[in-house]
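Across the two complexes that follow, chain A remains constant while its partner is chain B and subsequently chain C.
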Partner chain A sequence: MNFFTSLVFSAILLGCTYTLVAIGYCLFFGVLDVVVFCSGDIAIFGAFSIISAYVMLYDLGLFQVLPIAVTTMIILAVAALLCALLSILTYRVSIKPFERSSALMPLLSTIALGTVIREFLGLLFRPLLMTITGPITRVADPINITSGRNPQAMPKLIAPNSSIDVRNYIIIAVTFLIILLLFLFLNKTKMGLSMQAISQNKELAYMNGINVRKTINITFVIGGIMLAIGGFLLGSYQSVVRFDTGSLYGSKGFSAAVVGGLKSIWGAIIGGMLLGFVEVFVSGLIPGGTQYQNIIAFLVVIVFIVFKPEGILGEKVIEKV
Partner chain B sequence: MSLLETKGLSINFGGIWAVDDVDFSIEPGQVFGLIGPNGSGKTTFLNIVSGIYKATKGKVFLNGEDITDLRPFEVFQKGISRTYQSSRLCWDLSVVDNLLIGSYTSQSYGFLDTIFRRNYVNHEIEKLAQHGLDMLSYFNPHLLDKRYELAKNIPHIDRRRIEISRAMVSHPKLLLLDEPTAGLNDEETMTMMRDIGKIKEKMQDIAIIIIEHDMKVMEHVPEKIIVLNAGAKIAEGVFDEIIHDPEVIAAYIGGQES
Partner chain C sequence: MSNIILQVENLSTSYGRIPMLMGVNMSVHKGSVCTVLGPNGAGKSTLVKAILGLVRADKGKIIFMDQDVTHVPSHKRISSGIHVASPATGTFPKMTVETNLRLGAYNVDDKNILEQRLEEVFHSFPILKNRLQQKAGTLSGGERTMLSISKAIINDTKILILDEPSLGLAPIIVEEVFRFLKKLHDERELTIMLVEQNINKALSISNFGYVLQKGQIIYEGDTSVLQDSDILKNPVM
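Here is the complex of A and B:
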């Protein structure tokens, strides 16, 4: 693989991780017109759930008894369940009470809840963090590290015995599979169609036989699962996760969603990929560019919203006096 | 047994009785008009029946079943469908997509059917769409050619037709039309009232309640007219009786002219 091809490949890989969070933002915004700012933290919570479930299964000795595919499914199911619960909790605690308030209230409350999740993860995993003596590097044996000392090392659940390249191919394939399943769900099932109807016109949907409350709850469950998978893929891509990365990860996912057009899932995919490409190409083509990748990525976001505030696939809203 | 019956229906907003002790009943196949000056409580009455507002006092029965405390989507699923005074179309969806919004909730297929019985599900959805398009083409045959056009590109009177057709897709027992002629000129208003008459030709058993503030519009369709004023029912009867009712003249026509 030559240098340019490897850059493109890395960009798609990073874009995949942003895309899933961006889709989470899209789903939530679609049904509630609210930006759920703790989405990145929910995703990182998902990654930590995977680490915790992994350690628990390891301590129980289940890796010796069950095939890796089964243990991986159990771990992912636990993380998805926990993220879905956290997502529902987010709706109940920080959005629902403010349904009749100014849009600023859920904005602030989800930012606050994001901080709570972040600090909670930091507190929960800090005692183990303190035992780290050396720099965090890609780990050869995740079992020893995760079960003993470094909770930030992401277990290699994806093809543990294969090369990084193979794992990365799998990450891309998983992302596309998840997106495909989401599209089928949104376009073929009653619940998916209800979510789209609410996104178009909530009042109309309510008056046309759609149980809006139930649909919103299920949207948060699905969004939570998407975010858990996003956190898992990000952790797998980077091999490590930090409890405080949720804020930046969430900001990037949100930026990707806005650049793409906040109510469009295709837009979220394009926005996520765009951000991934900008970051990877800045760090790959500019000498010492890694330090500037976030600066340039967010400057690109600002330029985009100045010239195309509705997003790439968003509809222009004209306010009439 | 009446299709829809309200007993002592009342709602209080901050000390004001917006609907005050209204008794009402309609049988299957009947077309009633509900008129009254602005602020008389017509739309509020419809909003209580369709579950948007909760009645302070009184009850709403559909086929003898108490539906007073049901939520709007449950009222819809029981067979009451409605349109609005201001347009409630999804502008960026096609005509046919607008027709289908929410209609699938009345279908019996479940999640597993959507995976394992795609042909059956597609057939059910096509049946719904066809029913809506039949209604739409009955109003205006040219609309069939526009079924894939976005709603925002459709003329106002045809938007009204789409909304009425959408309300019909789920085969309701009772159709509530809130000022279906709002925003239409005189000629379009007459066309719309003829269209509403066509509904009866298509679905004989459906009951329809039409809200209007324009008395002369009522002359063309309803079998019976109920007049509200300040939330209370002040008259009930056929058009000729209503226009000669002194209380109606005082409260409604007199009020408008003064």
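Here is the complex of A and C:
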């Protein structure tokens, strides 16, 4: 693989991880018209759930008994479940109570909840993983836990014995599979169509007899699972997880969603890829560019919203008089 | 079961501190066509929303088929048979006609029944069948009105509430819509509650009328009486 193709490849990889969190923002914004600012933290919570599920399975000795595919499925299922629960909790605690108040309230409360999740992860995972460091390092486990608050090494669940390239192909494949499943769900199932209906016209969705409350809850379950997978892929890509990655990851996902046009899933994909490409090409082509990649990425975001405030695939919002 | 299918008792609602409906009483008899007339801002749409549960009732009761539904969530009221067709806002413009119909029949679980009802709808509005894959936003005003009515009547509709079916339509299309409504009422003995500004059209097909003004019912009576009453000659109407 020459230099240029490897850059494109990394850009798509990074874009994949951003896309998933951007889709999370999209889904939540679609049904609620609220930006759920703790989405990134939910995703990182997912990554930490994976680490702890991994450690626990290791402690139970299941890795010697079960094939890696089965243990991976168990770990992902645990993480998806926990993220779905956290996501529902987010809705119940920080969004639903403010349904009738101004749009600022859920914004503030989700930012606050994001900080709570982040600090909670920082506090919880240090002592928990420190205590079980012993047995794991003894069996030469791929997890090696650095002391202090972070970072935590992400277990190599995806193709543990293969080269990095194979692992990365799998990351891309998983993202595409998830997106494909999401599209099928949104367009072919009654629940998916109801989600779209609520996104287009909530009042009419009510008038059509759609159980809006239930649909919103299910959206949060699905969004939570998407975020868990996003966090998992980001962790696998970077091979470390820090408790505070969530805020930056979240802002990038949010930027990707806005650049794409907040209510469009295709927009989220395009926005996520765009951000991935900008970051990777800045760090790859400019000497010492790694230091500037976030600066330039967010400057690009600002330029985009100046010239295309409705997003690439968004529609111009016409204020009703 | 009594003859009254929908009863609104002393209903009051408000948006924030602004009162919208103040002690509204009305009843719709089974199999009748009842009309609610009133100028803009009289509270007609609020009344429809309150019946559906989209606006909370501060006071009063809504009784549907002898059940107090005042505190029943919207989707349950709708699945029990209250359906609204609102031509102005009743379709999802970015979705196809087919998807719109599917969402309209959200509570119809039996596929055979749905197919059969769709056939009936296509029989009445053959144009919709040709436009199944077209986005609802690309339909003409008349077609959209037909689609929104179709969405409501493919259910097991006990009462059809029409929110301003003539709004923004050419007179010839209004004629057609009302002809269809009359046919629907005659054939299915469907109870219809018509919320309108188009007084003459509305009165022409209804048996009983209410006049709503500033959130209060200021007149009620048989349409034959209402037609000649002075209240409709008021320039505000």
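Annotations
One rule holds for everything that comes next: the second predicted complex is superposed on the first by the 295 of 321 C-alpha atoms of A that agree within 3 Å, B and C clash if a C-alpha of one lies under 4 Å from a C-alpha of the other, contacts with A are read in each partner's own complex, and residues count from 1 in each chain.
Note that a residue touches a chain if its C-beta (ideal position, glycine included) is under 8 Å from a C-beta of that chain, and two chains touch if they have at least 3 such contacts.
Note that the coordinates shown come from a computational prediction; the quantities given were computed from them, not determined experimentally.
Superposition of the two structures on chain A leads chain B and chain C into a clash. Of the two partner chains, chain B is the only one that A:188 touches; chain C does not reach it.
Shared-chain residue A:204: touches chain B and chain C both. With the contact threshold set out at the top, residues 190, 193-194, 197, 200-201, 203-212 of chain A are in contact with chain B in one structure and with chain C in the other. Interface residues of chain C facing chain A in the complex, by the touch rule stated above, are 52-54, 73-75, 78-79, 83-84, 86, 89-95, 99, 102-104, 106-107, 151, 155. Against chain B, the residues of chain A that register as touching in their complex are 188-191, 193-194, 197, 200-201, 203-212, 315. Every residue of chain A that touches chain C in the complex is listed here, in rising order: 190, 193-194, 196-197, 200-201, 203-213.
Across the complex, chain A is touched by residues 50, 52, 71-73, 76-77, 81-82, 88, 90, 92-93, 101-107, 109-111, 114, 118, 121, 166, 170 of chain B.
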